[in-house]
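Structures are listed in the sections that come next.
One chain, chain A, links the two complexes that follow: it is found with chain B in the first and with chain C in the second.
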Partner chain A sequence: MKDTWGEKIFYRFNYVLLALAGLACLLPIVHVASVSLSEPHAVMSGSVALWPVGWSVESYATLIEGTNIVRAFKNNVVITLVGVVLSMIATIMAAYPLSRSYFYWRRRFTLAIVFTMLFGGGLIPTYLIIKSLGLIDSYGALWLPGLVSAFNMLVLKTYFEGLPVEMEEAARMDGCSEWRLIAQIVLPLSMPVLAALTLFYAVGYWNAFMSVLIYINSPEKHNMAVLVQQMVQSQSLLQEINGIQQEDIKQMTPEGVKTAGILVMIVPMMIVYPFLQKYFVKGVMIGAVKG
Partner chain B sequence: MHSAYAQDAAALTHGNANRRRKRWKQNIPLLILFAPIVAFFIIFKYAPMAGLVIAFKNYTFSEGIWGSDWVGLKNFRQLFTNPQSITIIRNTLFLSCLNIVVGFPFPIALAIMLNEARKQWFKRIVQTLVYLPHFLSWVIVGGLVVTIFAQETGFVNHLVKMWTGEPYPFLYKDGSWIAIFVGSGIWKGAGWGAIIYLAALTSIDQHLYEAASMDGAGKWRQIWHVTLPGISSTIVVMFILNLGNVMEVGFDQVFMLQNSVVSGVSEVISTYIYRVGLQGAQFSLTTAMGLFESVIGLILVLTANRIARRFGQSLW
Partner chain C sequence: MNNNVKAVSVAAAVVFMVLAAVGCSSNGGNSSKQGEGGGSKESAKKPVISQSIYDRGSVPPEEGTIEKNRWTDWINENGPATVKFTAIPRWESAAKFNTLFASGSAPDLIFEYDTNYRNQLYNQKQLLPLDDLIANNSTEYKELLEQNPVLRKIGTKPDGKLYEFGRINGLATNHVLYVRADWLKKLNLDVPKTTDDLYKVIKAFTEQDPDGNGKKDTFGYSLSFVTGMITDSMFQNVTWVVENGNLIHDWDRLKAATVFKKKLYDDGLIDKDYLADKNGEKAKQDFINGKLGFYGANGGGGLPLLEALRKNDSNSQMIPIELPESQFGQFSPVIGNPVQMTAVINASAKDPVAVMKHIDFLVSEITQKTLRNGTEGTYWRNVANECPEVIVDKDRQTKELGYLGDFAMLNSSTTFGKCATYASTLDPSKPLEKEYLDIIDMAKKAYLDPARPIAEITHGEHMPGLPQDLGLIVTNANKTISDTINKAIVSGASYTSEQAIADAKSTWEKSGGKQVDDWYAKWYAENKGKAFLKEDMYKMPIIQ
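Showing the complex of A and B:
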């Protein structure tokens, strides 16, 4: 069928709008990358747009030498790797039993977990519990309270429930134990959703901010989010107190260094993002269909 | 005759016991897996709920959660008579309602537009780009915003200066701060929010479009009469989920963007609890505020779900 005149306009218009939406998501990142790679003078005048003015890696040199970014980066890696492993194991441990029809109190347990999505103790009581467990200033305070995300658990449970029953029955006929069933049938069949959840947890731990801010006191244990936040805030604080004066600018974290810090936090994610994209869409869809 | 019945009955109970034993045996590995999870939820989710009692107490470190004195509703009375906390509750409601009302249509529109894009490569590229901001933390988004809108060094103000000669303090004026706040939320969340609607769109019967276009419906009418009704149930469910968060504007978003100049509109419950509760050690008072926030949130979700059920849509 040929497009009518109105449809042609519609499609043109649609493509333009979508292109704008896509660019709107990309350009701020390109801009910040350009700022981080420009020479300080150009940055100060705000004239850097989407291409570095007077290429310079000075900001990155200052970032690496003058701040604790290297240590913070290492902390990020540790927090993320350990956190993801722990969370994935725990999420499987929660979702698998709840997905079995013969599990005792399966509905009651599920409801009790869903309830925690709707209502919670809030910041202060949680803080007091963590404190009384002696977890303050240790990464345990980051890993344990967020061990299982109820949402991720429901996604995985739904996926497990959707696996073909025949395969499971056949395996049982052949004398397969529950453990082997999990390790050799259920988990291998669930790779797409496991990949999606791994990504979700990884992003969460990589970006962890509030929990680090609250529970981790020692600066040497801080992650990149807290470090970058301090760098970004260093300027706005001075601006509030003094207004803008030339001599204050020396005390601020230079714009270029800030943007370099932001970039260092984004880049690792940008690298893994394309590879995992097809999985995370699937993961969300599974959750959505149930929703 | 009689004995035959007895035999049957015996066999039946025997079978039941057998089945029960079998089920128990099947459950052993599951219970081993699940026991630590129960412990996790009790310690880290339900114990804090019990800890909410300090909202009705005068919490002191030396006495602990259970030892501190009861004060009844004193903390709540203090909360609702203090003009500052009333401002904070108002800000919270205002900012989150704005986030929902202004932000809600964007993912829907984006999903419909993506659905209408027929060049697959184009659609894929746009999708990849619009999902991306979801994976950036608020620290990064806040950093981007501050970089772009900074008074002296920001690019936007570079343009404004060229235009008017004077920079504009975008982040230090109530109106423009609110606009940036809402806009940054849309920037970060709209693409990701569209995924769910895209999933819903795939289930619409393509014949309906053909039929509609046979009847002379243009693109707009097709979207209005076929696409939107086709995803209406998803829209309702997403709206309920959003309503549940009305009392909660994310801590990170506000914390990253706020500054003391605009604190009159930007201080919200979560940042107040952090500053006054945690840093100022006002545990009981801010727990009362947190409890108020959670209870209103819970009521909103339950109410919205009940309303939705009347329309044949509900979460549970």
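Showing the complex of A and C:
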């Protein structure tokens, strides 16, 4: 079928618009990358746009030798890997029973979980609970409270419910147990949604900031979000004139090092994204008709 | 069916076991961590206290962490107590302290620059009064207090008790207004003496091609960030001013400053996008690139500025100038805080006496010197009648001493005399550093003279803390008022300065600003004799 004249214009217009939107997202990152690779002098005089001026990896050298970015990076990897594995296991284990029609009190459990999406305890009560559990200054405080995201769990539950009942019946007919059913029938059929949820959790753990700041006291356990934020903030705090100290000005992180830190933090997620993104659309459509 | 129910229940049980396992393992990690604190043999005898330390993420990996490094070890070996350091992220300190207080695990000794936050702790009764503690258990700090009664004056809270430890910084410049001296010379202009002169110079800088490139691509002035604040200082536009011995809310100065700024904007003498340049970064770049004639800089960082400017234009010259005189008098821009409060003791500290001994240790001369320059013999050598000679190379200095600043929050400049200054670290044999030394001297002369005092009634950190409800009024109203003023500056003929001031006044009244004005007026009437005001600031020695 040939596109009409009107449709052609519409598509062109759409392409241009999307390209612009894409550029608007891409250019700041290119700029940050260029700044991190430029000479300090060029950065200071603001002559860096989208291409590094005077190529220099000094910022990265300072970042690695002068700050604990390497350790923070390792911490990020640990927090993310362990967190994602635990969260995925727990989410699957919660979603599966709730998707089965024969599960006793299924509705009540579901309602109880949905309830947590509407009401939260707030920072201080949560902190006190974490503290009384003895989780302060351990990664358990990051993994445990957010172990299962109610929203993600509901997405997965809905997906499970949409799987053809016939397949399950056939498997049972052949003597398949519940565990084997999950492992060999349900999960392989749910790859798209599992990939999407993995990405959701991974991005969440990778960027964890407030929880690390509040619960983790030892600097050697801090992740990159906290470290990079401390570097970047030094600039914006300058605006509050009363809070600014001579010491703070002296200890301000150079612009190039800040941008290098930002880049080190976002690049791994940027690399992971395209590999999981193809599952995205298929996975997150709750209740939409699957073709 | 029954079997299925069972299996699902098993699955659920596994989830809970995983949860429990995470909980247990982390718990174990936590308790083993606590054991690490005092490992050495001496620590058995020494009392254990805890102290906060700012974390800026800037400790090099080989040095350990801000909580455990060569200097924390040094403090624990040489000090009277075993100190457990608690890292506080520098830019999120209030959030971190709040959660620590809420959970009862705040450190005994708290270092915090933010006066408002310390006032908040005082209002919440979280602080320990220090009068008796100092009288009975202190030697070094007691002596410092006796030599500098001003420390007691400032550290005393409305209930008449002393709550804060502080240090003497001495008088030092902070905001500096630079002008391109080579441009002045080229266009045959004098350094502006009044705000009218200033306007003429700005106009000439914008229109007469001071960089001689044949293009009209320069701006005379900027209103973003520090330069804008300095402009307010010229007109003493600081909201509350003393008139006839009373502290009143001023609108005339606000109007005069607004009229001046609006004129600059209307005549195209400043960057039209100055409002987008919130941290002055664009103005700084313009100045460095020879596109801007005046630039207001903040604190240190002058030498890199000069360096960058010279690199772009070898004929360029920048000099600091006295602020031009306005119809309200001649003033200086914001200067450094000469006496600064930095530490308080947690009211629930278990062993306040040990904390006091630790403070005494921190303010003793040998500790102050070590926390500034490193240990004697290793990092520096004493030279008669001179400042200590550094005997380690630059790299080692940066790496091993670079993060010391936050340990030295009780260091007084008076301990070091002229060696406390940034100038003492410069080398006059290098031409650029020599030139910057001259700039420092010019700035000192221009801004530290009581004949041209700062515009505010006192340094911002010594303004009284407003009660919370009044503070909220100020925060809310100020936002609207500054938007109104900005709107007037950029709207040309359609929104006049008069109208903006009238609107700002009405915003202030509607928000309940009168209560705030009354509160300040009453505070000033009652406290002008005992508060630390600008007259007192200029009694402090100049150290820079």
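One rule holds for everything that comes next: the second predicted complex is superposed on the first by the 258 of 291 C-alpha atoms of A that agree within 3 Å, B and C clash if a C-alpha of one lies under 4 Å from a C-alpha of the other, contacts with A are read in each partner's own complex, and residues count from 1 in each chain.
Basically, a residue touches a chain if its C-beta (ideal position, glycine included) is under 8 Å from a C-beta of that chain, and two chains touch if they have at least 3 such contacts.
As the structure is a prediction and not an experimental result, all values here were calculated from the model.
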| item | value |
| --- | --- |
| Fit-or-clash call for chain B and chain C when the two complexes are aligned on chain A | clash |
| Which superposed partner A:Gln229 touches (first chain B, second chain C, both, neither) | both |
| Contacts of A:Trp51 with chain B and chain C, given as first, second, both or neither | neither |
| Chain A residues touched by each partner, larger count belonging to chain B or chain C | B |
| Partner chain(s) touched by A:Trp179 [first = chain B, second = chain C, both, neither] | both |
| Chain B versus chain C as contact partner of A:Thr126, first or second or both or neither | first |
| First, second, both or neither for A:Val70, with chain B first and chain C second | second |
| Touching partner for A:Arg100 - first (chain B), second (chain C), both, neither | both |
| Which superposed partner A:Ile214 touches (first chain B, second chain C, both, neither) | both |
| Contacts of A:Phe151 with chain B and chain C, given as first, second, both or neither | neither |
| First (chain B), second (chain C), both or neither touched by A:Tyr139 | second |
| Set of chain A residues, in rising order, touched by both chain B and chain C | 44-47, 90, 93-94, 96-97, 100, 102-104, 123-124, 127-128, 133, 144, 147, 177-179, 214, 228-229, 235-237, 239, 244, 249 |
| Chain A-facing residues of chain B, complex | 23, 26-27, 29-31, 33-34, 36-38, 40-41, 43-52, 54, 64-65, 110, 113-114, 116-119, 122-123, 125-126, 128-133, 135-140, 142-144, 146-148, 150-155, 157-158, 161, 171-172, 187, 190-192, 195-196, 199-200, 213, 218-220, 234, 237, 241, 244, 251-252, 255-256, 259-261, 270, 273-274, 277-278, 283, 286-287, 290-291, 293-294, 297-298, 301, 315-316 |
| Chain C contact footprint on chain A (complex, rising order) | 41, 44-47, 65-68, 70-71, 86, 89-90, 93-94, 96-97, 100, 102-104, 123-124, 127-128, 131, 133-141, 143-144, 147, 177-179, 182, 213-214, 217-220, 222, 226-231, 233-239, 241-251, 253 |
| Residues of chain C that touch chain A when the two form their complex | 1, 3-5, 7-8, 11-12, 14-15, 18-19, 22-23, 25-27, 29-31, 33, 55-61, 65-67, 86-87, 89-92, 95-96, 99, 102-103, 105, 113-116, 172, 174, 225, 229, 278-279, 281-282, 284-285, 288-289, 298-301, 304, 308, 311-312, 334, 336, 399, 402, 405-406, 460-461 |
| Of all residues in chain A, those that touch chain B in their complex | 1, 4, 6-7, 10-11, 14-15, 17-19, 21-26, 28-29, 31-32, 35, 43-49, 90, 93-94, 96-98, 100, 102-104, 109, 112-114, 116, 118-129, 132-133, 144-145, 147-148, 177-179, 203, 206-207, 209-210, 214, 225, 228-229, 232, 235-237, 239-240, 244, 249, 255, 258-259, 261-262, 265-266, 269-270, 273-274, 277, 280-281, 284-285, 288-289, 291 |
